[in-house]
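Heads up, the next two complexes both have subunit A, just with different partners, subunit B and then subunit C.
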Partner chain A sequence: MDLNNIFFIIYQGLVLGSIYGVIAIGLSLIFGITRIINLSHGALIMWGAYTAFTFFTLYNLSPLGSIFIALVVGIGLGAAIFYVILKRLIGAHELTTLLATFALSIFLQELARLRYGLDYRGYNLYMGSINMFGYGASLSALYGGILALVLTTLLTLFLYKTRLGAAIRAVAQDPVGAYVCGIDVNKIYAIGIGLGSAFAMAGGVIATMYSPTGINPYYGEPYLLKSFVIVVLGGLGSVIGAYIGGLIFGLAETTLFPIYDYLNFHSPSSMALFTEFIILLLLLLLRPQGLFKR
Partner chain B sequence: MGLREVLIKHLTLIILIVIYVILWLLREVFPEYSQLIITLLYYITIAQAYNIFLGMTGYVDFGYVSYFGLGLYGMAVAITLSSSSNMSEYIAILLGILLALALANTVAGVVGAIALRLRGAYFAIATIGLSQALRYLIEGAKIWGGAEGVIIASDLRKIFGEERFSYATITLPDTGIFILTVISGLVMYVVRNSRLGYGLLAIREDEDVARVMGISTTLYKFIAFLISASLTSLVGSMWALKITAIYPPESFNIAFSVEFIVIVMLGGAGTVLGPLLGGSLYALSKYYLGTILPGLQLTIFSVLLLVIVLVFRQGIVGELRSLLYRYSFIREVIR
Partner chain C sequence: MNKLYIAIIIVAIIMFLVGYLVGGFIPRAPTGLVTVSIPYTYTVSTVKTVTMTTYSPPATTPPVTTPATSPSPTPLTPLPEKIVIGLSVPLTGSQGEVGTAGFKGILAAIKWVNEVYGGVHLFGKTIPLELKYYDDESSKDKVISYTERLITVDKVHFLLSSYSSPLVFAQAPIAEKYNMLLVNWGGASDLIHMQGYKMVVMVWTPASQYMIQAIDALLSANKQPKIVLLYKDDEFNRMVAAGVRNYSKKLGVEIVYDKAYPTDIKDFTPYITLIAPLKADALIVGSHFADGQLLTKQLSDQNVNFAFIAMNIAPCYMDYYKAFGKLAEGIICPSHWEIGASYTPEIATKLGLEWFGPSEDEFIKYYREIVGDPNARPPYHAASGAAAVLVLVKAIEKAQSLDPIKVRQAFNDMRLATFFGEFKIDPATGIQIGHKMILVQWQKGNLVVVWPPEVAKAKLMYPIPTWDQKRAGS
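Let's look at the complex of A and B:
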């Protein structure tokens, strides 16, 4: 294993990690604002992937264009989910909200199954490749990683530099205090869940830029499970934490595979997943507040 | 206390057991429905076992299916071992049951020690992590055949003989499941009316207050968790004899955990009669929806689950109880 190989693994880990980061942000954002763990996050990612697939195959629209459609649809869908279902469940027992969002997840998956069937779909996205440390790297994956970084930056700027962003952070900290200060808390919840859903769907679009195949109604499930690890890494509820957690997770995933392969395990990819979940358990036990909070 | 008082005091339990026996007799009378009835008992039993933990404490374990999966593996591994070392059928089954219990209790002990320190959402996430870690460890390190699974049909033929194969895969596990249905009902009833049960309910309502009141919350949750996991692993050990082929993705599928959660919620969390009503309703509607509206069961269930969560949070038994609360006799029985 030479130095270029190691550099290439790190490069791949950062690109993948950036994409994981943007995928996990929605989960963290919604939890931060409403204290709801959104189990339909994976289903929203899946619908994002189908959005990219449908617009590419029907209208020849690049994922760089369909990501805007995913964002707009995501905000609308998220707000609708809030007003129809989650509004009654704010502050309810976890059991209730977990079940409600899980039911929603199955419903969204079923809609996809009825519309697209169970077959794996994919589209032929080739944007060229570049030479990276002597290896060929896909340009669309790189664009996906950069896009993820741009979206995360925009969201952070929105949350920290605008009045609406400040209102969202206020509600996340203390809904009652925010209400007393004249903030329409329900509207903020709707916007927050809308933004979280929009980022989940946009994350789905970006995920197909990394690898535009294997889209089926359960496409989002592995991403949901990984998002849990990432979000706990960065601290539940933190947006920047989720993105950094994603980077760490991406690096871990690309480095663990060659290690287990070298150790001659039967299935290195399964062992990498095993390690990721063990990391999740250790984190929950030792640092449930995330790596970066005091 | 006379016999009459004792009977009235425990009427709920008596009704429960009588219905279970009736179900079992129906299986004998209508052999064509025997597998439907066993499926019913399977759902009722696991829901009742889960109810002891989920219903009583309010903690959601999405990895609950792991204990069922470990039960499957416990029996399957024992059968393979017994077949290669020519042990008798009784020893093989006994070994399977013990191995299922040992595996489930070991993992539940570890989960309990780690995850039960966590609350609410963190606990739920930890359990997802654990069941998935287990699945990928089995696949990745090729434990128990890895992704290729364990197939025990030929080993069962060798241990039980060709002519007793249907005994080993139908009569024996079906009887076992029925016995477990009765046991889980009894255990739930005893727990519900014990110091442990009241402590658990206090934890569900407000864990901090329960702790201040002197309840050893971690110990109580731990005991409920072990009882619950043991019962489910026993159902798994019997189920392995019926399906005769065990694979990691099915054994640790989170969707099954959710199925069990839905049944507990549908019937009424923490109630003695809930799993019977929820399990029967769920199994029957799943069975008949599959024939009337093939392919739409899940769509309907997801909507149904939303309606339960949004409108009928207490489940069938809880809602019935609230509805008929002024009749003291019914209030005593429906719980």
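Let's look at the complex of A and C:
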């Protein structure tokens, strides 16, 4: 293995990690504001992937365009989910909200199955390749990674530099105090869940920029599992933590691979994932609050 | 206290890793073709004793000769009005798409048997077939309960298997428990037939033989190829890889990279980064659909080229070409059956085999009637389901009995040709040894049969164009 190979592996880890980060942000955001663990996060990612697929195949619209559609639809869908289902569950027992979002996840998956069937879908997105340290690197994946970083930056600026962002942070910290100060808490919840859902769907679009194949109603499930790990790693409820957690997760995934390959494990990829979970376990024992505070 | 927990966990992890590492370095026998010694004897009715000994690789399996069962002039028990076949099949769930195709093929074959052939010929009478089925929703739990229900409540005469290796793996012990014959058209893993089951008979080629033809085809174009072998870490593809490994070793073909990937893989770039510098000639992949698509996409994005790419399942579907267009050109897929590559009565005669069943055209006609689409193209899963019905009918007639054990015994020395191909099992395990895979390759937007040469409709394209050449339109 030469230096170029090592640099390329790190580059891949950063791109993949950036995408993991933006995918996990939605989950972290919703938990941070409402204390609800959203098990329908994976289904929303899947709908984001279908959005990219549908607009590309029907209207030849690049995912760079369909990401805006996903964001808009996501905000609307998230707000609707709040008012129809989650509003009455705020403050309810954790199991109740888990079951409700799990049911929602099944509903969204079955809806996709009705619309698209069970076939694996994919679209032929090719934006070109560039030479990166002597290896061919997909431009669409690179754009996906950059887009993920841009979206995360915009969300952070929104949360920390605008009045609405301050209101969201206030509700996240103390909903009763925020209510006393005149903030419409329900509206903030709706916006928060809307934003979380929008990021989940946008994450789905960006995930297809990395690999625009294998889209089916269960597409989001592996991402849901990874998102949980990432948000716990980064600190539950922290947007920046989720993004950096994603970067760490992506880097670990790509850098551990050649080590296990060199050690001649029959499935280096599985071993890399296994080690990531071990690291997470140790980290939680040593620092249960995650790497970043809310 | 926390420190104690941490210490315990660290020690546990270290011990696990050491164990795994040591286990990983111990040379393992290839799981696919291990000879298992399961000596057992079972008594068939009151007449014969069949001794079944070991499973050995198909080529060296000595045929077990079984005295022919002479048809009784009259049945010992009154004949039923219908012969009921039981089926638990995934019509929905993750295997729903393919399970449905197999189900439609089964219906088409039953329709042919009842309408054209006139029913099963038993003691001078013809008895129609009836299908009793349940949708197991691709669930292992459901396939187990429905299989038991079909045997104990619905009292079916025989069973056809579910679709996919995990589901057939789950239902086989149930059939075995009740001594019920299970005709396996949907589970390709060799392991199903290496558990010592006596009542399971396989219709299509087992997984370990899937890529054998691909290696033969590769050798026809390149005498000293270097192969990269990647496979999904599941029951089915581990067997596929074991078959490639064994056959390559036998022929002295060099495998320069041999690794599994996880079942829910979302990124092949770490693999591609490591195999790119190896400059191998061929890539052989034990895949399913989503992973096969993903690998194609990422190989093309990273511009990593091979002169020969053979991949399971994904390229066999039209959706693959829809997704990749010209990038699919030259990609090879092993298939059990394709339109235009069917056996015919003439081929059967040439091979000295008995012919049974509809012709390819007849099967397609009935399949289209069942599907309700005059342009429907039956996939090989549909043909395999149909073949299961046909071989079962022939075995019942040969046994002249509805006793599952006698019919199972009749399968032992049955050699038959249907439109799906040859049928012959290894008597000890019930594994299929007669049926051969074919190779199809995407050429100018069409999936054409390129191997074996005797049924090929086009010449093997080798080397295939590079990704850049394909993008440029050549």
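Methods note: the second predicted complex is superposed on the first by the 290 of 294 C-alpha atoms of A that agree within 3 Å, B and C clash if a C-alpha of one lies under 4 Å from a C-alpha of the other, contacts with A are read in each partner's own complex, and residues count from 1 in each chain.
The criterion applied here is as follows: contacts are C-beta pairs under 8 Å (C-beta built on N, C-alpha and C of every residue); 3 or more make two chains touch, one makes a residue touch a chain.
Because the structure is predicted, anything quoted here is derived from the model rather than measured.
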| item | value |
| --- | --- |
| Partner chain(s) touched by A:190 [first = subunit B, second = subunit C, both, neither] | neither |
| Subunit B versus subunit C as contact partner of A:171, first or second or both or neither | neither |
| Partner chain in contact with A:121 - subunit B first, subunit C second, else both or neither | second |
| Subunit B versus subunit C as contact partner of A:251, first or second or both or neither | neither |
| Touched partner set for A:71, first subunit B, second subunit C, both or neither | neither |
| Which superposed partner A:281 touches (first subunit B, second subunit C, both, neither) | both |
| Subunit B versus subunit C as contact partner of A:236, first or second or both or neither | first |
| First, second, both or neither for A:266, with subunit B first and subunit C second | both |
| Which of subunit B and subunit C A:16 touches, first, second, both or neither | second |
| Contacts on subunit A seen with subunit B and repeated with subunit C across the two complexes | 265-270, 272-273, 278, 281, 285 |
| Sites on subunit B touched by subunit A in the complex | 54, 58, 60, 114-115, 117-118, 120-122, 124-126, 128-130, 132-133, 136-137, 139-142, 146-147, 258, 261-262, 265, 269, 298-299, 301-303, 305-306, 308-310, 313 |
| Contacting residues of subunit A [partner subunit B, same complex] | 31, 35, 37, 85, 88-89, 93-96, 98-100, 102-104, 106-107, 109-111, 114, 225, 228-229, 232, 236, 260, 265-274, 277-278, 280-281, 284-285, 288 |
| List of subunit C residues in touch with subunit A within their complex | 2, 5-6, 9-10, 13, 20-21, 24-25, 92-94, 96-97, 233, 259-262, 264-267, 269-271, 273-274, 276-277, 289-291, 293-294, 296-298, 300-304, 319, 323-325, 327, 471 |
| Residues of subunit A that touch subunit C when the two form their complex | 5, 8-9, 12, 16, 117-124, 126, 129, 135-138, 140-141, 207, 210-214, 216, 218, 221-223, 253-254, 257-258, 261, 263-270, 272-273, 278, 281-282, 285-286 |
